[in-house]
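A, B, C and D label the chains in the order they appear, each numbered from 1.
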Amino acid sequence: MIVGTTEQFACTFRVYWEDTDGGGVVYYANYLKFMERARTEWLRSLGFEQRTLREQYGILLVVARVEANFRRSARLDDLLQVTCSVIESGRASVIFEQNIYRGTAREALLLDGVTRVGCINAETFRPTALPVVVTAALQRQEHP
Amino acid sequence: MIVGTTEQFACTFRVYWEDTDGGGVVYYANYLKFMERARTEWLRSLGFEQRTLREQYGILLVVARVEANFRRSARLDDLLQVTCSVIESGRASVIFEQNIYRGTAREALLLDGVTRVGCINAETFRPTALPVVVTAALQRQEHP
Amino acid sequence: MIVGTTEQFACTFRVYWEDTDGGGVVYYANYLKFMERARTEWLRSLGFEQRTLREQYGILLVVARVEANFRRSARLDDLLQVTCSVIESGRASVIFEQNIYRGTAREALLLDGVTRVGCINAETFRPTALPVVVTAALQRQEHP
Amino acid sequence: MIVGTTEQFACTFRVYWEDTDGGGVVYYANYLKFMERARTEWLRSLGFEQRTLREQYGILLVVARVEANFRRSARLDDLLQVTCSVIESGRASVIFEQNIYRGTAREALLLDGVTRVGCINAETFRPTALPVVVTAALQRQEHP
């Protein structure tokens, strides 16, 4: 098991009409989409696409738990910076700390959260070990 | 080929926060979700669930073309009545006329549209004939 | 402050294509939409529509924190029963316990979660007290 | 009235889990989100943000009609190139031709469509003329 925060990964997304709701701000469930995009881009930065993980390794990564504190609102046209750091990783799961900021200079913290992602067999939906290439990549990131 | 409008099918859905956008009304793409729900409920009223169609017959129903005129806006808490009438059906596709009204008494027409749905093989994604049980149900609906 | 679980409120929603993702199950962020619909229907059952709360009282109810454990997956065509119980309510916020079950007979627990909702001024977005009519309705529900 | 295709504008978006459905491909209504993002980015390339149009000019741009032909499917991790060309513009509306391609080299045409966008007063929701600065920018783009 790897414990300890890895280098922080961040990426930037624009807020479009589709993300907002009638309150004039981003709809609360849609922040979880931004969090998922950041985890996907983090994984891609390690060399893994989720479609490949499924087709080559027969696995899916699924969210087992999410905690999110909504601190301020994002609005149409905002640029959001979304971070993703591994705070713990095990045989079949990874825990991420994730923040969302307004602006590429992080003018305001909008959300902080923790996400636990599990690895399951894409056919049986049963928990299964992460592919060795993925855990190896995680360890290289942890102990470069 | 069956041509001619079948009996009109209608169902009712509530507008929730998730459907609205920062303009204070339902986001334009989300009306297509309501249209899809109505087609799904129409199919269920004929005795078919889409999961079953896939598992038993190996097919998926996919939208090949949509035309929609957005005439008035729906707002949070509105009840929408969504209709679905077959205007033409062939070996591997069905064309629907679909309207969305505000209120169960149809106080205002919000959207009128036409959707063409095709039948594809769930593995190859190639067009394939609708299962005979489905076309038979369509014909019974047309010529009761 | 009111503490203690109120009578459990539940409502039922169908899973449509729009809710699922390429993994064949409901996309994780979409469960939060079902949770929001249940809170909205609970509020409607007390006599309050959110559009009215905004127009008459100038307030919005916004989610300040969500915790959710994703235990099993929902699939296309499933009927979901979504519950909503107040476990604590204060001057400007309410905490709900919310579960999602598969089936109206609750065959399986899919998700359990806790949501904290705050009351804000719809113009300034600053926290503000819940309207007295709402807290009175909450108290009647608590001590009938 | 301006008639004639302007220079084609294009931008690129990634397909994430949130965009896909249980059929393993992008959910049909979600292509309209990509089309909207492209129109928003086109407008931004002319110097206009929609939040500003609303706050400074009191207008909203709303879709009055959409036609879309779904030719092939996009899948998770695909990069989509989405185009946007003005084919007609009037006092209070603009008609766009929009295509969606798979890949930045446009390996396959996934969707072609036409969208008519109208300008409305953000308070009354009545049709109103496009701000002069916008029509002037459109004319410069047409007759550079």
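Note that in this section contacts are C-beta pairs under 8 Å (C-beta built on N, C-alpha and C of every residue); 3 or more make two chains touch, one makes a residue touch a chain.
Not measured: the values here are computed from a predicted model.
Just to note, of B-D and C-D, the chains joined by more C-beta pairs in contact are B-D. Farthest chain from subunit A, judged by C-alpha centroids: B.
Rounded to whole angstrom units, the spacing between the C-alpha centres of subunit C and subunit D is 34. Between the CA-based centres of subunit A and subunit D the separation comes to 28 Å, rounded to the whole angstrom. Distance between subunit B and subunit D, defined via averaged C-alpha coordinates, is recorded as 24 Å. Residue numbers of subunit B whose C-beta contacts span two or more other chains: 17-18, 23, 29, 33, 36, 75-76.
Note for the complex: subunit D touches subunit A at residues 14, 16-18, 33, 36-37, 40, 49-51, 75-77. For subunit D in complex with subunit C, the touching residues are 17-18, 20-25, 27, 29, 75-76. The touching residues of subunit B, when paired with subunit D in their complex, are 23, 28-30, 32-33, 36, 60, 62-70, 73, 122, 125.
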